[in-house]
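Letters A, B and C mark the chains in the order given here, with residues in each chain numbered from 1 onward.
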């Protein structure tokens, strides 16, 4: 029983981190029809800038804020320089975002060195609670809480605000939104930058969880992000949460019971979904 | 009547296809100007070109003395041209309320008043206020699409084949609605349904193979069997 | 247009280059250069296979490395298990080709019906999966560490191997050129340009895409087999995304859809890799040379989607048209003057 709870918490925590990455990815795809293969770069840059700020200032919160800033700025640059020039051409998009991912990854090594950097959990969130035989690691609960909080906030924005309404409408029919007088390009930029910020936060939160950061973590997590986006349904925000939890739990349980399959199980899941139900498992009607 | 919209020798290419090969068109204020022609003649493309969705490759478009053929779609919409596409463009996952809300640029007193007006025109919409757009019937979707275009005080509405796929009684309702909206705005109507077009249209422009071939008052066309036969295949 | 002239001009160029390459080992005496050129040939074959997918059919695959890896492992394992003789070597190539054909056929059948985004992600996942299999199946592959093996004795002489690979390159190039110029090849190009339209013309585009995928997979497998022998060593690095990215970079920079482009790209990148790594020893900044390539690649995708060869072709055509125009203009002027 304790084992079960432990695995579940583990899975949920990982799931939340993937969700932060996937949420932006799925909205960007749903709205802009762009599959951002460079999204992982935002994840890793958020981690590095956040962690280094945190190490330097000893303040976790400032680290997170810096990560968000990095995400927003990088997101802006990316949307303007990389995404917009190839808008409409899928092949070029795929190629160019992948290329940029590599550049971002290598730039980490140039800027911060090729070695992994160890990260400590902040004091306030360190340690664990003990409930009898059960040990609950505080930081994991923190991540889960943050994840649900982020989901809640964005769900609110999407369903209760005008801009959220516009984004949802844009996912369903971009042309019509334009015909109703709304400059969809501004909306694109906004969504892209927001998605970037989310990924950056994910990276920053991931750092103390895994204990170290390294340049390749962006690409690795991005693959999980793609899996989640596919399973959850392209463009479905809630779908990405559910799928992320699913993927996180699957990975967590597999890692314990059948370790060599753990990496594979998620890929198999994605392949199966893509082949048999490409619109995703949790997709609500797009049109 | 004042001229509201003028198209001069509009050419539009889609990919390598030369769809519009010289459209001359004029819409006057307070009128229902109908675009007629066979399937594939270029009627829908003309509306899309006006709206900037498939920009013109050459030629000019004037709206109230402003040149608009190079403007982006959202600017054209904001100048006062509303668009009701052939497939209605309803946001299927949004409710009726939300569909209209997206359209309403600012929630001013005026806008809310227009919303009320539009709901009296289309009472069904009020009934299904919280229902998802995708769950509406064909006729209701059409009503919603027109309501959406109307709620923004558009000076000109471009409506593409509103009667398509609707039962005769719904077609009647659509006609009534258009005649009612005509009191407050001007309309460019694309219609295959000649009966409907002849009933509510004031002027007509015949398009064939992407070119304007004939223009005039609607009652002229009604009595001209040759024209009807040659370009519309009827009579 | 005088296409025959153009083609024969190209043919002359090819012959000259070929003669240079054949003469090279006898004239120069550089072991490094021989090895480098051999690598270039091998990667040219890989890049050409990628061009079939990307340049001619318009398919972006992130899993191409798996076919390269299958070929490499097939050869390595067979030469290690049985005697290191030529027949075994050829047998291993055939085995690799067979396996790759099967995998590319089935994977293609299942996934090529998807949109390009999905296909890209799926190939990424599948090749990732195969990489994990290669890592974990230590009994066969020795995992990350890999293993060395003996190559057929005749290949101990680098120059013999050089010629063997060069021969493969020429044959593959000619075969692929035949392939893309055939009616089948034209359908592939049509699919690249506008799949929907091609489908509406009655072609079962899925079938053609699968054929393209199998051809590409088979050629990549050959490259992999040759690669394994060139190193006498194999490990999981043959299945990583780096291999796919190499092929991608070479194809894009060299010029998609030209078949010669990938060869040019291979030359550029292999030479650059070689010299920049050399420089890196003295100037550490060059250690991250891959960033330069990443940036050039991005610029290429946006501004020079035709790559080196394509841009040259374009410039040539423009220049020819301009010359023809000038000539007709001059002729006209003469006519006016004389009348």
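Points to keep in mind about this one:
We adopt the following convention: a residue touches a chain if its C-beta (ideal position, glycine included) is under 8 Å from a C-beta of that chain, and two chains touch if they have at least 3 such contacts.
Just so we're clear, the structure is a prediction, and the values are computed from it rather than from any experiment.
Shared contact partners of chain A and chain B do not exist in this assembly. Chain centres here are means of the Cα atoms, and by that rule the chain farthest away from chain B is C.
Innermost chain of the displayed assembly, by C-alpha centre distance to the whole-protein C-alpha centre, is A.
Ranked by C-beta contact pairs, the top interface belongs to chains A-C. Centroids built from CA atoms put chain B at 42 Å from chain A.
One inter-chain figure worth recording: chain A and chain C are separated by 34 Å, centre to centre, where each centre is the mean of the chain's CA atoms. Distance between chain B and chain C, defined via averaged C-alpha coordinates, is recorded as 52 Å. For chain A in complex with chain B, the residues that touch the partner chain are 162, 165-166, 168-169, 172-173, 175-184, 284-287.
Residues 29, 35, 37, 82, 85-86, 90-92, 94-96, 98-100, 102-103, 106-107, 109-110, 223, 226-227, 230, 260, 263-264, 267-268, 270-271, 274-275, 278 of chain A are the ones that touch chain C when the two sit in their complex. The touching residues of chain B, counted against chain A in their complex, run 51, 53, 72-74, 77-78, 83, 85, 89, 91-94, 98, 101-103, 105, 134, 148, 152.
Only residues 54, 58, 60, 62, 110-111, 114-118, 120-122, 124-126, 128-129, 132-133, 136, 245, 248, 252, 288, 290-291, 294-295, 297-298, 301-302, 305 of chain C touch chain A when the two sit together in their complex.
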